[in-house]
Each structure stands twice: as structure tokens, then as C-alpha cells.
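The following blocks contain the structures, represented as C-alpha cells.
In the two assemblies presented below, chain A is common to both, partnered first by chain B and then by chain C.
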Partner chain A sequence: MTLSTSASAVSRASARGRRKPRPLATWRFPFAIPGFVFYGGLVLVPLVLSFFYSFTDRSLLRPDASFVGFDNYLRLLSDPSFLGTFGFTSVLTVVNLVLVNAVGLMVAVLLDKVGRVFFAVRMAFFVPVALSGVIVAFIWSRILTDNGVLNSTLRALGLGDLAQSWLGTSFTAQASVVVVTAWQALGLCIVVYLAGLQTVPRELLDSARIDGCGPVGSFANVTWPLLAPSLTINATLLLINGFKTYDIPVVMTGTGPGGATSTVATEVIRVGFSLNRVGLASAMAIIMLAVVAFITVVIVGLLQRREVSN
Partner chain B sequence: MTNVLTRRRRPGIARVVIALVVSAIFAIPLYIALVNVFKTNDQILLAPTALPAPFTLDNLIAVATGPRSHFWRNLGNSLIIVLPSMAGTVVLGSTVGYYLGRATGAGARLLQAILLLGLMLPFQVLLLPLSIILRTIGLQGSYVGLILFNIAFYVPFAAFVYARFVKTVPFELEEAAALDGARPLRTFVQIVVPLLRPTTASVMIFVGVWIWNDFLNPLVILGPGDGATVTTGIYLAIGQYNTDFGTMFALTLLAALPILAFFFALQDRFVAGLASGATKG
Partner chain C sequence: MHKQVTRGLIAFAAVASLTLAGCSASAPEEGSSADDPQAPAEITFLTFQSPNLTEQFWEDQVAEIQKTYPNLTVNLEYTPGLDRQDYAKQLLATGTLPDVIWDVPLQDFVSAGALLPYSSEDLAGIDAPEGSGTIDGEHYSLTVGAQVIPLIYYNKDEFDALGIEEPTTFSELKDAAATIAAAGKTPFLIGGGADSWASTIFLDGIITSDVIAADPQWTAARRAGDVSFTDPDFEAAVKKWLDLSTSGYFNSDALSVDYSQLQSKFANGEGVMYPMGSWAGASQVDFNVGVFALPSSSGDYTLGLNYGQALAVSATTKFPAQAKAFAVAMATGQGANLAQLKADSVIPVAKGFEAPTDIPPLISKTFDAYQTDGAAYVEPFGWTQGQNALPSGFTAEFDKGAQQLLSGSTTVKDFLAQMDKTFDDLDQG
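Up next is the complex of A and B:
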């Protein structure tokens, strides 16, 4: 009770502090023109072209193309190999979402302390955030390859039976791609949760304690609801970035074995640039964009409603 | 005894130990990436997890001075691409953000929705038509083409970060400048821009890291030859030196160092950028 009144007092105070800009603002429109010219010319125009190409049999090799209606989309939806790619991309995205959020939250709570040790430890988690997917994939490929670090360590520990061709069989290669993308995404998730934890007012936690909450109770009743905006950010970032996964499968597994670790993004590039089938690749790209946009709108909508209800 | 009152005060010894163990497990790949830079190829294959003994700088020297090494040329290419891309994104993102932060009408809301689309757009969706457009206007294979695309692609992100900050700048400051006779551009440059400095650092760190680490766009737009960046260079070297792991580890370290230094120099702005997102949704 005390908690909810003080929380709404905080939000009332911040609402009073905010003021509406005046209508005088319209003459600022010229400021937006240069940015929109760039964005329009090199992002919106290609996007519209991509949409347009997806209904044609356009190829990079010949200039003429004819309109084929929904053929490309129908072909993709009945192509087992594209459905497999789409399925793997979805599983990778969902596992990343759950795994990274759960581990990220636990690590953030663990590290939410001052002191030199905790500062240094946080830095270790941040390093992969600033590394290229190419570098991350290279490092992990040295670990997971047949004569790599993982197998040689297993043999040295007398667990040689567990040693296997991690990147050579479909399931373990797929699991490897999921683990490596999660490893790289973890740092950003931790940063977002740590930033969210800084916004939890000490007074609320103190009054929760006075009301008889233990550490678990105060986390569930005070901290977790106040982390709602952090969860929204992490869920959105992980879903979008998961569905866009490109660098790690291309560099670590070459999307193999047999295309088992290909994602929608790697297929767009392979079909478009290597097979020169621009029309078909554009249809894949539009499907990818539709899924990402749908996920974003639905998830942000759901999670923001949760934020408001808090 | 731990309770909520001790939060953010001195951590217990158990927490320190757990934090160290968890981060040590997490950091194993980073440890492997670092120690193998200073080993011979035989050592890398025999004892990939051991400390380097004997310690050698040969791999770093090979990357820095080797006749077949393209490291310095690629580093130059990366800088030629990243610096103008960042500068352009900052200029165009801040002006668009200034507009979005102050405008309220239906038109502004529509433009905002159109920009929002750009935030979630995977660039693989754009690359095929983009390379056709760039070929048509003669910019395929040129730094300029890649730089212009980078700016266009990251303007939405920068604009939203700036807009969020512009909303917190008191409007009275601008009104006062207008009363003193300052025109809009002068008000923006002299009143608003100086206040945007911390936000600019936040934008630069995100955009800088993204563009430095990008390998698909440079590969498609510039091609694999003389135009390779440090990141595409690593990708190409994985095929080229596929058994010379020492050189590869040295190359990844040298390619990562500049961006890691930049990232950690500005890391408080990185956290602040995320924090403003975390508190304001």
C-alpha cells in the first residue's frame, strides 16, 4: 500500500515537471529535411524496390524482369529448406530471448554492487558487446572445431567419450550457434538490467523491508515491477537481433552442415547474391521484415501495457 | 547478515566469489583469444588453454609488418569509413532529432512512424536493391557509397536518441534566444548543440561500434579487394590463413583493440545512453 502510493507520487511529480512544447515548433521542419533525404533515398527507396522485386522474377544477370504475382511467396512457403531455415531462426530467437534474459537478470542482480572487483567483472561481460560477430565466431570456432579447445579439454579430463564434432552435425552445430549468439548478447542485456536496477529507489526497498519482505519478496514486489522498462528493451533487442542473426553462422559454421545453421538473413544474401535470384531473395527479405515488425509491435505493445499497469 | 539495507554497500565475500567464478567461466573464450596471440602454432594446437611459454611476439610482428599483411591498409579503410559515417550521422541525426523533439503535429507523428520503421529494418532487406541503385549512380565499390548508406541507415537511431534528450532541454532557453533576435539555425547551433554533447557521445559509441564491426555491407558495397576493412579483412583471412592460427589470433586482437579502447573510453556514455532508454522506455 505504502509502496503504490509513493510510486504514484513519484510519477505524478515527474508528470508535473514535463511541459508541452508550443505550436511555434513547426518552423523547425527544415532541420529534418537533410536527414530525411538521406533516409528516403538510401533506405526507403531500396525498401520499396525490395517489396516490388519480391513480386517479380528479377535476376542480377539480366535487366528484364516480369511480374509473377505471389509466386515467390508461395514457393517459399512450400519449400521445406526455407521452412527449415525459418524454423531454426525462430528457435534461435526464442531460446536467446528466454536464456539471455534469465541469465542476464541473474548476473545483473549479482553484480549490482559497488567496488573495484564488481567494476572489473562488469567490464569482462561488456567486452563481447564491442566485438565484431566475425571475431566472436572465429574465437568460438577454435573452441568448437574437431581438434579444438573443447574436445582436447574433454579428453584431458578423461571425458573423451563426450568429445564430438560439434560443428559437424546438425543439432550440435545449431546448439553451438545459439550458445555463441547468446554469449555475445548477454553483456548488453546485463547493462540494461544494471541501468534499470540503479533506478529502483532505496526508500522503496527500505520500506519493503520494514513491511516484512525478505530479499526474495522485495525483489518480486519492488525490483521486478520497476524493471518492466528494462525487460521491454531487452525483449525487443533480443527478438530483433536474434531474427537478424547473420555473422556468427556465416563465419563459424558457413551455415552448415548442409544448411542446418542457415538463418533467414544468410539465405537472403546467398539466394540474392550467389544465386542471383533477386526476386526470390526479396520475398524472403520482406517476410523477414514482416516478422520483425510484427514481433516488435506485439511485444512492445504487450510489455508497455504491463509497464503502465504497474 | 545481508538485507536490503546493505544493497549497494559492501558486498559479502560469498557474492564476490560467485561473481568471480561466473565471470571467469564467461571470459574463457576471451582468455583463449588473448593467450594464443603470444604462442607458436604448435603450442596453440598442443596446449590452447595454457599460458604462453615460450612467450612470442612473432604473430603480432607478422601482422604488423608481414609482406602479405593488409592490416594497416585495412585499418586505414576502416577509419576512412567510420569517421565520416559517424560525423554525418551525428549532424543529420541531431537535426532530425531536434525537429522530432520539438514538433507536435500529425505530420511529425507520421515522420516519426516512418523513422521507427528504420529502427527495426534488417539491412539484408535493403542490400540487393541498394547495390543496384549504387551501381546505377556510379557509387558501387566506393567509400562514398558505403558512407552515405551508413549515415542514412543510422539516422533513425540517432534521431530518436537526440529527440529524447531535446525534450528535456527547457524551451525557455530557446524562447529567450528568439527574443534576442536569433534565427532558428543560430538558436540550434549556439543554444541546443552545446547541451547535446553527452548525447553525441552516446550516439557515437553505438554507431561507431556498429560500423567498425560491420562486415556484410563493406563486403557487398566495397568488395573483397583493396577496399577491405579490418573486420572484412578478418573474414577474408580466415580462408586465407586457415592453418596459421597464431597470425589469426594476432589479427583479431589488433582489429579489436581500437574499438575496445574507444568503447571503454566512452563506456559511461554507453551505459547512460541505455539508461535513458531504460527509464524512459
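Up next is the complex of A and C:
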């Protein structure tokens, strides 16, 4: 190969790199219109309308509405009932975030093997994700009643002292909703971590082993840092899912007893459609959106910074 | 450039035509008439399913009516759960209210102009109290019958074994409960879970018997500020109910079993007395069941009659005559009435209806309890319709507070004070 040939090749490559962008093919735009229409009509417009309604006393059944400024927001922030609901939703979200991530990672590491048994177990963990939340809640409501499967099993095992009315008291009902929500979210979390684990290069693990790292050292120094993108995805999904929890408390406990398992999402529906107060319900929804958006931005920012540093 | 613009226009036209093809509506059928109930029409009927009223039941009802109106096509829609009213509101808010709706929050819907009033001809076959379904002099709700809220169904075999007679006063009812509890059995079954009304139907009965009986216009009086929830009579009624709970007379899982589970518990013999609406008369059980009206402290009987099992017609229906004809047929037809009676123990109020002699024994006993000697009839607390209705969403708040009472997280005084506040707040609309 001569020098000139080499230079020519470099020049061609350089020219390819600096190639002018092709002019925008305007004929393609109309095909995006249905997408824009659906997204605008089903997401953007309702979002803007909700924001607007949150500053009004709009009713579900009356077309007229008056501007009330920040009254709806001030009312919610001083309403012990709403604050209690918001508190439970926050606890549910945080517990899910920590519990599901921890258990999901542990299970994913244990199942990151080849073989029919592992495949079958992975499938078993994923089944709840494929089920509707309504079905999950219905099944668990039958398991958790006083004469349900859980208490019967405890009694059969001689642990009758642990049997109790899981859905009948505020604390146990709240704990039950949190656990069932986490149980359903676990499968997806495991799958995301398994996908992350399969991208960890074997050579790095081999190098770590040659350098004297044990299984824990390899995990801490190689696997865990490389799982950072999976953690970001899981954290974001769990955060959003936690705050918008609706179906499980509605079906499993009817948000009871005495409203103990109400979440912000169930309250939005109750206030909007049962009390007819669309303005107030919109303010709840906007508060939920703002909190989720803020926490997501902060957490994703922190986790992505960790990804870059890794 | 010109070529690109032309291509763009062609592509836009193609996409637009595809989109419009998907959205095009079918033209109304020729010859259809809004005034002729026999003219061809396609209507949607929103109703609900319960352990008594199954999908098959409704399909049979529609098929029966179609014998009279062969050109009528009826699309059945069901609410996602037992709660009909909130779901109907969601459909109203989204502009998709069906033509005929079973059980709507009447006051809300009328104030939103969402319903068509019935004419005097439509109502001619109904023998219900003047006020039921009426707002501002217009009748918007066509009842298919009355339900007693509640009656006390009981395991007669257990009563006999324990030597208990049917109580005729509230004091005797408590004594019976004490005897049952002493025998290690659960005196009363109440529910909760996803059906919070099942927690309070017994309480509603006590309030009806002790408070509403003395002032059938109690809600109007509360609205005017003449009475309050914290009044001694109301407080005493709530305490009576709570006292049964603190005495251990309710099932321990009361707050965690929904209505269908509650029904199963009674059928499985897990409790002796079952305070429930008269639809429990359609229960299928393997033991002898008796039923009596809830007695007051004095021994007087005041039965709360709910006429809310009723049909409303949407103001936006394209087929008002056919929709009303369908509703009238369902409310007054002998076959329809008999089916409601047998399936859900609804007490027909259609003029001229005669119950056959072969109705199931428990339904027959329910009829007898409904006709208890000397009983007075009022609208039951928490189940009022029309002008006597509680504010929108109040009943759910009441149920929630009552559940807190049962779980011990509030006191009677705090609960009632909160109810006064909630009533005033929600009554503002």
C-alpha cells in the first residue's frame, strides 16, 4: 500500500464523516401526524387542561367554573386527610423502591445461569407482571382474608399466633398493599437486572478473579458498577409506578379500612368522580405529577452521574 | 422542492383518508323514528352484575322485552364493579352516557341536564311513592321495585338449637346476640373490603329506625340546619351499633370481606344473623333461613325502602321513545318483575303485579317481613334518592368514618362532628 493510496482512503473516510446532512424529507412528516394527534390529544391536552382546571372550582357536572387561584393547592396542603394519603403513597413508593430493587437484584444474580430450571424460575417470577393489577389484587384479597390461604397455612404450620386480620386493620392493610404492589413489580425488576447482568463482559470478571477477587469482590467491583443503567431504569419505573398505584388498593381493600389504603391516584378519582370536584382533583394530580417529576429528575440525575463515573 | 411538496400533499391525503375511514360513523337507518317505540333502534343499556344478577339474567331480560319490541337492538354494558353511580358519572363526563342507565345519582344527573323526564303515561304502571325519583316536580327515575334496607336474615336451625325466638325489640335482639356469642358463634355478619357499604348497611337500618322514623325529612332538616349529626338521637343510634361491635358480636374479619365473600360466609354458616338488603332473600343456602324486620328500641317497626333500583334515560339518546319503552317494559312487565323478584328478591311495585305461589320460600318470607304488621315505611338513611338525597359522595365518607369507628381509630363524637363538617362541605357542590 502506498502513502498516496492511504491518504486517499483517509480523505474518503473524512469526506464521509463530513458529509452534508440530507435535506429533510418533508414528505415523511404527514406520517407522523397520527402520532402527534394521539399524543397531543391523549397526553398533552389533558395535562394542560388539568393544570388549568387546578386553578378553578370546576365541577364534573357543571360547565361553568370560576378562577380560584391557589385555593385548591392551599386546601390540599392543609387537609390532614390528603396529607395522610400522600404520606402513605410516599411510604409505599419508597418501600417499593428499596425492597423491590434489593430483592430483584438478589434474585437476578441467583437466576443468572443457563438451564431449564433457571428459565422456568425466571418465568415464574415474571408471571405477576403479565397479570392485570385487578386480578392480582383479587387473588391476594382471597389469600389475605381472615380465613384465607395465608392464615390457614400459618395455622397448619403451628404458627397460628401470627395469623391475623391482614386487611382488617389500618396498619396490616397498608402493609399488605405495599407487599402486594412490590410482589407484582418484582418480575420486571428482575428482568431488567438480568438483562444488565448479561451485558457484563466475561473478560472483566475473569480478570477480577485472576486479580484475586472473590465472588463478593467481583460483584462489588465489576458487576454492580456495570449495572448502573439497570438501576436507573428500575428506580425510575418503580418511582412512577409507586406514585400512581391505583388498582391494587381499590380492588383489594376498597381503599379501606376507613380510607387507610387510599393513594393519591385513588383520591384523584374519588374527588373528581364521586365528589364531582374536578378542580380539586386536578390540583391533586398536578401535585402528584410535580412530585414524581422532581424526584425522578433528581434520582435519574444522580444515578446517571454514577453511570458516567463508572 | 416542488416535487417534495407534491409528495407531501399526496402522503397527507393518504394518511387523512385512512384516518377518516377509521372514524366514519354509520348513517342512521332509514325509516327510524324518534317517536315510535316500535321503530328500529339500537340502544345501549348500562347495568351491573352481582351474585344474583348475572350476565345471563340481563340477556334473558332483554330477550323478553325484544319479544314486544322486535326492532329494538340492545347492547348491554356492565359497570366494572357494584358501584354503578360513580361509573355512570365517568361516562357522563366523557360524553359516552348510554341510552338507558340503571341507578344514577339522580340529583347530580338532573342538575347536569343529563336525563329525560318520564311522562305520566310512562309512570302509569308504577305504584311507588310520589317523591321517589322526582326532582322539581319531574320524574326522572323509573323504579323496578323496592328493597328493604336492611332485614335481618338468620340461621333458623341455630336459633332453634339455642332456643332463641325472633326478636321483637332491639333489646331482645341484643339478648339473642349475647346468647349466640356465649355459644361460641358469631351473632352478626357484616362486610367491608371493596364494598364499604356492607360495613354500614346495619347502621343505616338502626339510624332509619331510630332517627329517620321520627323525621322522614331528616336530610332536608339537616340541610336547613335544624338538626345535626351530633344530635343526641343520632349519636345514640350510632352508639347502639358500635356497642354491638365492641361487645364482639360482629365477625372479626368484618372490614376485610367484600359483599360476595360476606354472602358466602352466611351461606357457609359462619354467622347466625345477617343484616342485609332484601336481595339476600335470593340467597341459596343449605340450612333453614328466617327473616325479620329490624326492631326499634320501642318495638315499633320502620322499614327503609329503597327505590333506587331504577332506570333513567339519557337526554342525549337518539331514540328517546324506544329507550323509554325499553325502561317501562323492564320496570312494569310481568315477566321482568317476576325475574327480578326471583333473582334478586326485589319487591315489585308495578300495578297489577301478582306474585305467583311458586316463588322460593325465603323470598316469600322476605315479602312477609316487608309487610310486617304495623310497619311504617320511609326512605332509608344513606340510600335516599331525588330531593331527599344526601350530598354527592357523602355516603362514601360516612362509610369510611364508620369503618374508622369499627377499627377504633376515632370516637363517636369525633366521627359525628366530622360528618357535620363533611355534609356542609359537600352540600356546597
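We adopt the following convention: the second predicted complex is superposed on the first by the 279 of 310 C-alpha atoms of A that agree within 3 Å, B and C clash if a C-alpha of one lies under 4 Å from a C-alpha of the other, contacts with A are read in each partner's own complex, and residues count from 1 in each chain.
Please note the rule applied: a contact is a pair of C-beta atoms (placed from the backbone, for glycine too) under 8 Å apart; a residue touches a chain by one contact, two chains touch by 3 or more.
In this text, all values refer to a predicted model and were calculated from it rather than measured experimentally.
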Fit-or-clash call for chain B and chain C when the two complexes are aligned on chain A: clash
Chain B versus chain C as contact partner of A:Gly256, first or second or both or neither: second
Partner chain(s) touched by A:Asn147 [first = chain B, second = chain C, both, neither]: both
First (chain B), second (chain C), both or neither touched by A:Leu61: second
Chain B versus chain C as contact partner of A:Leu275, first or second or both or neither: second
First, second, both or neither for A:Arg209, with chain B first and chain C second: first
Touch count on chain A, higher of chain B and chain C: B
Which of chain B and chain C A:Pro34 touches, first, second, both or neither: both
Contacts of A:Gly168 with chain B and chain C, given as first, second, both or neither: second
Touched partner set for A:Val121, first chain B, second chain C, both or neither: first
Footprint overlap on chain A, where chain B in one structure and chain C in the other make contact: 25-31, 34, 60, 142, 147, 251, 273
Residues of chain B touching chain A in the complex: 2-5, 7-11, 15-16, 18-20, 22-23, 26-27, 29-30, 32-33, 36, 45, 48-49, 88, 92-93, 95-96, 98-105, 107, 111, 114-115, 117-118, 120-122, 124-130, 132-133, 148-149, 151-153, 155-156, 159, 167, 171, 184, 188, 209, 212-216, 220, 231, 234-235, 238, 245, 248, 252, 255-256, 259-260, 263-264, 267, 270-271, 274-275, 277-281
List of chain C residues in touch with chain A within their complex: 4-5, 7-8, 10-12, 14-16, 19, 86, 89-90, 92-93, 108-109, 111-112, 114, 192-196, 199, 252-258, 261, 270, 392-393, 396, 400-401, 403-404, 406-407, 409-410, 426, 429
For the chain A and chain C complex, residues of the former touching the latter: 25-31, 33-34, 59-62, 141-142, 144-147, 165-170, 173, 250-254, 256-259, 270, 273-276
Contacting residues of chain A [partner chain B, same complex]: 18-23, 25-32, 34-36, 38-39, 41-47, 49-50, 53, 60, 107, 110-115, 117-118, 121, 123-136, 138-140, 142-143, 147-149, 152-153, 183, 186, 188, 191-192, 194-196, 198-199, 202, 205-206, 208-209, 213, 215, 218, 229-230, 232-233, 240, 243-244, 246-247, 251, 265, 268-269, 272-273, 278, 281-282, 285-286, 288-289, 292-293, 296, 304, 307
